[in-house]
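Note that chain A is present in both complexes that follow, paired respectively with chain B and with chain C.
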Partner chain A sequence: MTDISAQTEPLGGLLTRDRIVKWAPVLVLVALVLLFPFFEFLEDLLEGKDHFYLLDSRFFSIRNAARIGIAAAPALMVAVGVTFIIIMGSIDLSMEGTISVCAVLFAFAFLGWGGTLASWAWLAIPTALLVGALLGFVNGLIHVRLKIPSFMASLAMGFVGTGFALVLTGGDRLRVEDELFRSLLTVRWLNFPIMCYVALAFLLLAWFIQSHTALGRNFYAVGGGEQLAQSSGLNVARVRVMGFTLAGIFFAVGALLAVGRIGIAETATGNNFMFVSITAVVVGGTALWGGIGGVWNTLVGVLIVNVINNGMVVIGLPSYVQDGVLGTLVILAVALSTNRKSVTFVK
Partner chain B sequence: MSFIKNFIEQETVSRRNFLLASAYGISGAAAMRMFGPTPVQAATFADPTIAWSYRNRTNPYWNEIVSGGEAFVESLGKPKEFLTHLINEGSSEKSLADVKALLAKTNGELALAIDTNDAPNARPVVEACVEAGAYVSTLWNKTDDLHPWDFGDNYVSHMSWSDEGPAERTARILLDAIGGKGGVVHLGGIASNNPAIERLDGLKNALKDYPDVELLDAQPADWDTQKAAQIMASFITRYGDEITGVHCANDTIGYGVLEALRAEGMDIPIVTYDGNPQAVDLVAEGKILATVFTNPHWGGGITASLAYHAAVGHFKPSDEPHEHREFYGPTIFITPDDAREFKANYLDNVPTYDWQDFWGPSNGQIMYK
Partner chain C sequence: MNLERIKPHFPWLTLLALVCVVGAANPAFFDPLGLLSLVTDVVPLFIMALGMTFAIYIGGIDLSAQQVANMVTVVATVYLSQFGIGVAVICILAGFVFGAVSGYVTTRLYVPSFVSTLAMGFVALSAAKYLSGQRALSMDVTERNTSFGWMFDSTVGVPHQLAIAAALLAFAWFLQTRTSFGRALKAVGSGELAAVASGLNVDRVKILAFAISGAFAGIAGLLFSVKLSGGDANLANGFLLLAIVAVLVGGTPLTGGVGGVLNTAIGTLIVMVIRAAMVYLEISATQQQMVFGVVLIVAIALTIDRSKLSGVVK
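So, the complex of A and B:
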């Protein structure tokens, strides 16, 4: 894909449009990481305090990196799941419902089967992943078999999920207090809680699927040119259903980490994940029309979103400004990554 | 999984009732118009329909309100399905349309308890009820210029809560606990919500008497546990050990703050609001310093009861003084000393209320600024 547009710009050299577009998210992330400490530096300077740039920064510290990691880990899993779908040129908006259902069913199973990881209750974890896979599978089937656009099919499935989670809980919250399970948050290795490493492990798994399996290559094939893939003998419908199933599993992992983070499973567990994950994927440089991007882009995107969320509070800006900044960033990211010469019309 | 079955059955029944009501409402309204407007009269009814109009049941708070309404209906010897549910899903237009449809269906023989979703919507709802001869009691939302005593008997009562005073009192508990010096942060509700504004104002009022305590920061956490955890983590980055106390706008925010503190191995006093069961447990364990219970179960029941008893003629609203027509709901403070007793009395066993003791637990006439 990228090679084609590179040929249309013969300038070549170090600063091709493609290179800029490819590395822009990383540059934005680095700029943000350096920008917030600068505001802290300015603030202390105006108050007449000694402040050595970066070294004295509260934002630019390991402790705060861990805080950003905690905030980012569940969102990263959800965003990685939806990355596969966006690479295929579809969209999955069912994450909030899927997360709520997985979180609530996990909590019911976990509490019902013993309430601690040291008992058979550990089976609640694979159960939750299975539930996520099942919801994604149904989502994919509805999209492919009924030929409903993925946008509508998944949005509707998300509402069904939220409603189902509410029926299950009756509006109550389930508390998962097991010390062993909560060690996801409370136990730290090298300053970072375990949940960060779990997220990292699943990110590596996602990267493996993306680049070392036929399924991963097929995602790109479908996103890059569905007609071509179809006529080359690829079962596109099957790839799509498998993509949604895979996304469902990653949503379930996100749900488990979200429950591990606050120790509560409820209908509201899925709240806000749609905005955060779609924003992160797009800001990370994965193109909405498919075929371009990947899970590493998503990692950068999730970090950008969470660095902004954290940094804004650290420099003392109100949260409604954060939403505005993130919205602006989405428009910028899409505008930057869109090659307007090759797009003749926008739906 | 029988609770799922029950839930679905209840929802089906209320949905069906509502559909019938709406369908009847359209034809009924047309028929009424042919004979001209019905005369305004404070007639009473032998067996009026009892309805609760509210946002939805997904929120634990509204769930409690409506369960109070159902408990009241059951106290009349009727099944709880007798209560008609008008669910507005956060739309004032739907709220008003549902009320009008039900008024037409019941021919005005209605005792309505309602939160009109927003303040401006209270007037059209009340006027529609008064015109149809129905009896209405409102909760939470109404504009300051709308008063029950301006509508004779049909606008029975209005109940609301002022959160400023109770939030100020929990703030004082917090500020005393940190020895009257240091820094506090506030995590609020959705910035434009009235309770969120009042609860922050309560903290600010209390701070006037504590010159050595600084309000380091206040950010909206949108009543959301996960968002609260993230904002608290950012606060810890910005202020670190300067934070000696946390004032939360409600319990769900408090849970997020506790988890953020736990992740850092920090232990500083926090106060919350609402008195949810989990928060009361945490107060009993000493993890939360204080919370405030506003007894939504009683509020939901008594609002329906007031409308009903006026509608059947057990009391004449216009004979009652103003403080019986517009009043504040109850507030109960929960601190570690009394948390277990409170839980046993109010949460583990929902008390059986005397639904004709309309004003006993209430908190005085509503004052306007």
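So, the complex of A and C:
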């Protein structure tokens, strides 16, 4: 099991290939954090202004860190959800649909039951989580029972979800303006809004599930070698369905944070989450083949993706470059993390 | 009379049944002119699905088709005034190159095709946004009519768009059944390891299959932009799902090896009839995606060859 948290010795030891591969995501993150201020430094240098490298950086500031945190929190939840699936060697591409449905149903329930967290409307939050779990459960059943490869089963479910969200809203936007709920974004502790801490709490929960529960160990067992896991008595089908259900719950948390961030629930709430979360997971070092990686890798991956997005804006690169950069990054990350000796062929 | 024997006949039987049901409910469906315009409308989708068939036939998938088509609408619009009808060559080449890169990444860098094409799709999106300056562009009407106006004419009642579709289908069918490349595709789709063991250059076949998929997506994009007289990084959105559905309901399973381009022609017609039925039943465009998502799941479940998944479905 590779888990960054389990690795306590510093980098200084033996520089084996495994260790480099394992720590590469963290190194990339640190390099990026130092790189963007360097561009700012160069820019000011050329204009003849005084600039102390990190101190004067607009990128390397608490304000900007909070901005990255806000952008990253919902994506982190989605990426953590799909991490469990990827550890099993499957993939879940349904998140855009699931997030939209969860966000829209949450908003309907929340507005219908009182419109403020101080009333019974708080029940909309568990409702949304339940909806996420249900969608994930159905997704898992379709994958396992109908024996459809997970990328296609979940892609189709994603289309169904987005379509369903459209049917529910008829294309309208639902505004969630309750101050108590919006305090996810508006109230800050130590410069960071509450949603960052909520995301952190769920990350710890995910870490607990991953490393301190039988379910978490089973994810690794399935990903490490499904036939072996099966023949040693593990009910692989059940583990898979539970994995997809768990992922659905995390997608729902992501949906709630996304609604909290902009105060609007609509069909487009789920847009872009698929690619960003998959990118984050593989860039963080969780292998698409399963069995390797974990939620801490995903945290690093989400930060890398968001630091790149944010840093490119800060140094003035046009936003359209981001999609291409992320696309290239995914290919590089998957290609570099693949152990070619163990792969016979790729579809 | 077992299930496996009639399975290959499912697609056209489904089509026949659907046509009968829709026709019975709404006799106006059989109006020849109406039918002709329905079939003509579905041509760009058909071309995209035709390309997608090659990717699925070898057991892969091309999730970049929609973004490549999007990018090509922008390319066509931007370069139309400069190159006239020659812009078609650029569009097809652009699609071909994107597909080839996806194929290269899949085979040589060992990235599964659903990830590599997804990623290349975002690269294409970037290119489209860059070229278009993130605006919706429109073509100069006179330039469009001089270069591509002929597409909208018809000869003895056959719209030229349909003729293009038929020519491409004939070309794809020829590739698939009458060339050694076509036999190689079949070999790779039926059993990749066996194909490798028998000395076939599997990587080259696969790269070419993805490149063809990209080129057809490019042609589809060109047709879109000429039809709508413009280009935009989102113009072809919504067509990826329909293209995959068309291939799969046509009877080319996700596991590859059987089916082929004629199946996709039937599959596209099935999609067309379902769409027509939904319009008749007043199911709005927004709800159609849901319906097609479910159709997709059913189609995969019915066609997929589980013996090829070697017991493990990831």
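Following the convention adopted for this analysis, the second predicted complex is superposed on the first by the 334 of 347 C-alpha atoms of A that agree within 3 Å, B and C clash if a C-alpha of one lies under 4 Å from a C-alpha of the other, contacts with A are read in each partner's own complex, and residues count from 1 in each chain.
The rule is simple: a contact is a pair of C-beta atoms (placed from the backbone, for glycine too) under 8 Å apart; a residue touches a chain by one contact, two chains touch by 3 or more.
The shown structure was predicted, so the numbers you read here are calculated from the model rather than taken from an experiment.
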item: Combined model on chain A: chain C and chain B, fit or clash; value: clash
item: Chain B versus chain C as contact partner of A:335, first or second or both or neither; value: second
item: Which of chain B and chain C A:89 touches, first, second, both or neither; value: second
item: Which of chain B and chain C A:320 touches, first, second, both or neither; value: both
item: Which superposed partner A:166 touches (first chain B, second chain C, both, neither); value: both
item: Per-residue touch tally on chain A - higher for chain B or for chain C; value: C
item: Which of chain B and chain C A:156 touches, first, second, both or neither; value: second
item: A:49 touches, of chain B and chain C: first, second, both or neither?; value: neither
item: Colliding stretch - chain B into chain C, listed as 98-106, 224-232 or 314-322; value: 98-106
item: Doubly contacted residues of chain A, that is, touched by chain B and again by chain C; value: 166-167, 170-171, 318, 320
item: Of chain C, residues touching chain A in the complex; value: 59-61, 63, 105-107, 109-116, 118-123, 125-127, 129-130, 134, 192-193, 196, 202, 241, 254, 286-294, 296-297, 300-301, 304, 306, 309, 311-314
item: Chain A to chain B touching residues, read off their complex; value: 58-59, 61, 63-64, 67, 70-71, 166-168, 170-173, 175, 185-186, 193, 258, 261-264, 267-269, 271-272, 309-310, 312-316, 318-320
item: Touching residues (chain side chain A, partner chain C) in the complex; value: 89-91, 93, 142-144, 146-153, 155-164, 166-167, 170-171, 226-227, 275, 278, 282, 288, 290, 318, 320-328, 330-331, 334-335, 338, 340, 343-347
item: Chain B to chain A touching residues, read off their complex; value: 3-4, 7-8, 57-60, 63, 191, 217, 219-220, 224-227, 229-231, 233-238, 240, 255-256, 259, 262-264, 278
